[in-house]
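Per-chain residue numbering starts at 1, and chain names A, B and C are given in the order in which the chains are listed.
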Amino acid sequence: MNITVNELAALVGGIVENDDAGNRSNAQIHGAASIADAAEGQITFFGNQKYLPALKACRASAALVPLDFSESISAIQIKVANPSLAFAKILEKFAPAPITFAPGIHPSAVVADDVALGENVSVQPFAVIEPGARIGSGTIIGAHVYVGHGVTLGENCKIHPHVTLREGTLIGARVTIHSGTVVGSDGFGYEFSGGKHVKIPQIGIVQIDDDVEIGANVTIDRARFGRTRIGEGTKIDNLVQIAHNVVIGKHCILVAQVGISGSTRLGNYVTLGGQVGVAGHLEIGDRVMVGAQSGISKNIPTKQLLFGTPAMPLDEFKRIRAYTNRLEKLYERVKKLEELLEKSEQVSGEKGISLPPES
Amino acid sequence: MNITVNELAALVGGIVENDDAGNRSNAQIHGAASIADAAEGQITFFGNQKYLPALKACRASAALVPLDFSESISAIQIKVANPSLAFAKILEKFAPAPITFAPGIHPSAVVADDVALGENVSVQPFAVIEPGARIGSGTIIGAHVYVGHGVTLGENCKIHPHVTLREGTLIGARVTIHSGTVVGSDGFGYEFSGGKHVKIPQIGIVQIDDDVEIGANVTIDRARFGRTRIGEGTKIDNLVQIAHNVVIGKHCILVAQVGISGSTRLGNYVTLGGQVGVAGHLEIGDRVMVGAQSGISKNIPTKQLLFGTPAMPLDEFKRIRAYTNRLEKLYERVKKLEELLEKSEQVSGEKGISLPPES
Amino acid sequence: MNITVNELAALVGGIVENDDAGNRSNAQIHGAASIADAAEGQITFFGNQKYLPALKACRASAALVPLDFSESISAIQIKVANPSLAFAKILEKFAPAPITFAPGIHPSAVVADDVALGENVSVQPFAVIEPGARIGSGTIIGAHVYVGHGVTLGENCKIHPHVTLREGTLIGARVTIHSGTVVGSDGFGYEFSGGKHVKIPQIGIVQIDDDVEIGANVTIDRARFGRTRIGEGTKIDNLVQIAHNVVIGKHCILVAQVGISGSTRLGNYVTLGGQVGVAGHLEIGDRVMVGAQSGISKNIPTKQLLFGTPAMPLDEFKRIRAYTNRLEKLYERVKKLEELLEKSEQVSGEKGISLPPES
């Protein structure tokens, strides 16, 4: 597909700039790519100041730039308020048609007789849907998906291949779950008795609210009793672990490889960076943000910005880190003070105060 | 289902208290829930002092409390030695009947001719069982499970949907493996030669002993040669990585997202907190406990309690952490000493000793 | 199978030593095992000095040892330049025949009509291959594998059971992917707008070059646009997370549970230890090595050896760690200086300088 620069500018509500010769805005653009990859005939976008040298060397024919952009570049510029968002719109224009799955049940799928299927549900090859399940209209059950006994799925969900939804799981509308994710496996609970770990029955369920998206190979355990719950609009990245009875609020962001221990509750709009660990039975307030790899071991009030293991306010972490990194010089200063004092003693002599040996 | 408070007390061997009017113990209870969730007509339990305010506000009609409980609450009390354990019993009473899988081989399953099946084995839809496998009596092979060539499974195992058991894996009796777990994938071993990483054949197997439970999306690699081994009664949480030739003792607890590098050996009753990493070729003694997110880089004698990266005894970690957190004040004290000494020099003058510049 | 010690020595180009009686070299060896496991009639190898006591206690009948080995052991010795490599050769001799999968399409597999299959392709039970896919000669598609629309696989790949390859993924020749791995799930990208996280379309793909091996339950996200790319010869361990638009160079090693955030680029021959996290939009130079559990938050020039969170050069990390661990003594020294100075003041008196209170 080819689109002119002018047409692209119109699409995103942008202003064409530095069109010196007056005719470059009619140039045909055939694709969109990042600054690192874009070639002649393509459009790119500039959203991060650190890529300026790359932009200047970039061979793209056009570039989306911020309104206040004043650098000289070879690409023709389209000025917009938010280049990243505008680029997303243009990408959709150039994108291949998305893969669709026609409604209907593939003949290989094993669907129990009593399953309640909405309209236009798509059940792909080798899916298994156990008795008592209910699937909302427009929902896609991917290949090899396992839908356990009595699972409820709302409308317009996308359950990608190889997802496992264990018995009783409740899922709202417009929920997307990526491949390999397991929802509703047993919580990790044992009583130590007679030299063994004796399993505590895990008889609760998992509830996932509307508009949640869950990445690939995530694990969300069913509650010991009651519900493990993921709040509306929350987005979970790949390989995240959510233990039994955890309650996640609305519109949270959990980056890849986060782990949350049992019965911890997150407020709304919480962001946990990659590989963050949270201990069990904690309360994390609304809008808390935790830096990557940090470890949370106590309750956190709202709006804190934390870092480190155990986590502390970011400012404090940085200050302590700076002091720690300069320790060598502090040791030297103390050494000099000791030497100075020792010499001073030797000169004045009579005071009879001896220095302790350096340890 | 409805059960009276008196009947529940009898079930758990508890004593009904504060039944002032003498007739609340005949009240009908229709469900069990946590303090946070329990409503009228339900029973809850009090097992952690921090939930006392919540208990006082809770609308549950009955509560399991410890024998020495002396607070005033609106719920009728059942006093027991261990409220958590007693609650587990009551939960089972109210629990829905567990999902069962009838014995027999689903017609869609692909089972090799020579597979040895015990009695009452259940093979669910789309399971694949390769030649030479042996499945013990009462074992359930879930939907989409892959059982590789020559795999041996003992009696009464539960292999949940989407588990992969690669060739040669040996599994004892009463082993539970949750969905998405991969047992027996190749160990990660290469020789660097000619500018490339050349694969070292991984021709050993994985052996999992009796009464082990393994969570969801765990990975356990086959040995380079010999056996990667998980000892009897050990419990492994979700997303744990166990490398080739690792040997885990009996009755260990590995919390979610732990990673253990090649050839390391754990003793018995070892507990590793979430996200702990253990380097390769180490010996970890019996009953060692390691705090979440710690990193183990050397051998650990028995019964140590460790924390940090690299891990150290917990007491030491706390002490060093305390000193580190107070560094700002130490810097101030050294600065004051320097100023003091400088002033002192200026007053006494004649000693001619100059202070080093602050660095 | 039985092989004599002499035959084994010839196989690995080794020299038989300490054959005092002159006839032990004709002894029959029936298996190979590690020092910890080897029994009479087996051969072992000695490749790590720390296992010397174990070697001395080992009941193996023969041992591969380095050329300069001079200890006294009961096993007959075969001296070689590299005992580990020599052992690998011997292991292959004793190894069971590897599992093979005959060419052909299992009748249960669902393969779209227009799929282009090379020669001798093996498609195992319950595999799904969507329209437009192309599978190179000699490639094995394992049981339950999902090959999405338009996926291209080169020659002689091994795709183990339960792998998911989402639409458009490009895979070179001789690529091995272990079970449970998900390639091409959506990148984790949202714009925060109107109090919600609005999904940014992820319309790029994943490209995996020749001779890459990927472990079990790994996740590699498709690019927002363009390509997430894994360079030739790179080896990825289990449970690794690779975000959208990440570019990994050639011959890198990513140990288990590593996480790499979006748009970061790794050079060639980079090694990341287990559980390392790398922030987004970074450049990591060639031959950088990062110790386990470290966190990378800025660009790293070539050949650096790093450790810690945030990561720093290993030497620096060790030095700071040593200073930190000795802080208790530094506090004592400062205390003594303060006392000394205070006493000195009291003696000389007239100077009128007062010490600050200890904080």
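Side notes on the structure shown:
We take it that a residue touches a chain if its C-beta (ideal position, glycine included) is under 8 Å from a C-beta of that chain, and two chains touch if they have at least 3 such contacts.
As the structure is a computational prediction, the values presented were derived from the model and not from experiment.
At the subunit B-subunit C interface, residue numbers used by both copies make up under half of all numbers present, so the two copies contact each other through mostly different positions. With rounding to the nearest 5, the Cα superposition of subunit A on subunit C corresponds to a rotation angle of 120 degrees.
One inter-chain figure worth recording: subunit B and subunit C are separated by 24 Å, centre to centre, where each centre is the mean of the chain's CA atoms. In subunit C, the residues that touch at least two other chains are 108, 126, 144, 162, 180, 217, 239, 257, 275, 293, 324, 327, 330, 334, 337, 341, 344, 348. Considering their complex, residues 32-34, 37, 48, 50, 84-85, 88, 91-92, 95-96, 98-99, 106, 108, 124-126, 142-144, 160-162, 176, 178-180, 211, 213, 215-217, 233, 235, 237-239, 251, 253, 255-257, 274-275, 292-293, 324-325, 327-328, 330-331, 334, 337-338, 341, 351, 353, 355-356, 358-359 of subunit A touch subunit C. Of all residues in subunit B, only 108, 110, 126, 128, 130, 144, 146, 148-149, 162, 164, 166-168, 180-182, 185-186, 188, 190-191, 195-197, 199-201, 203, 217, 219, 221, 224-227, 239, 241, 243, 245, 257, 259, 261, 263, 275, 277, 279, 281, 293, 295, 297, 309, 319-320, 323-324, 327, 329-330, 332-334, 336-337, 340-341, 343-344, 347-348 touch subunit C in the complex they form.
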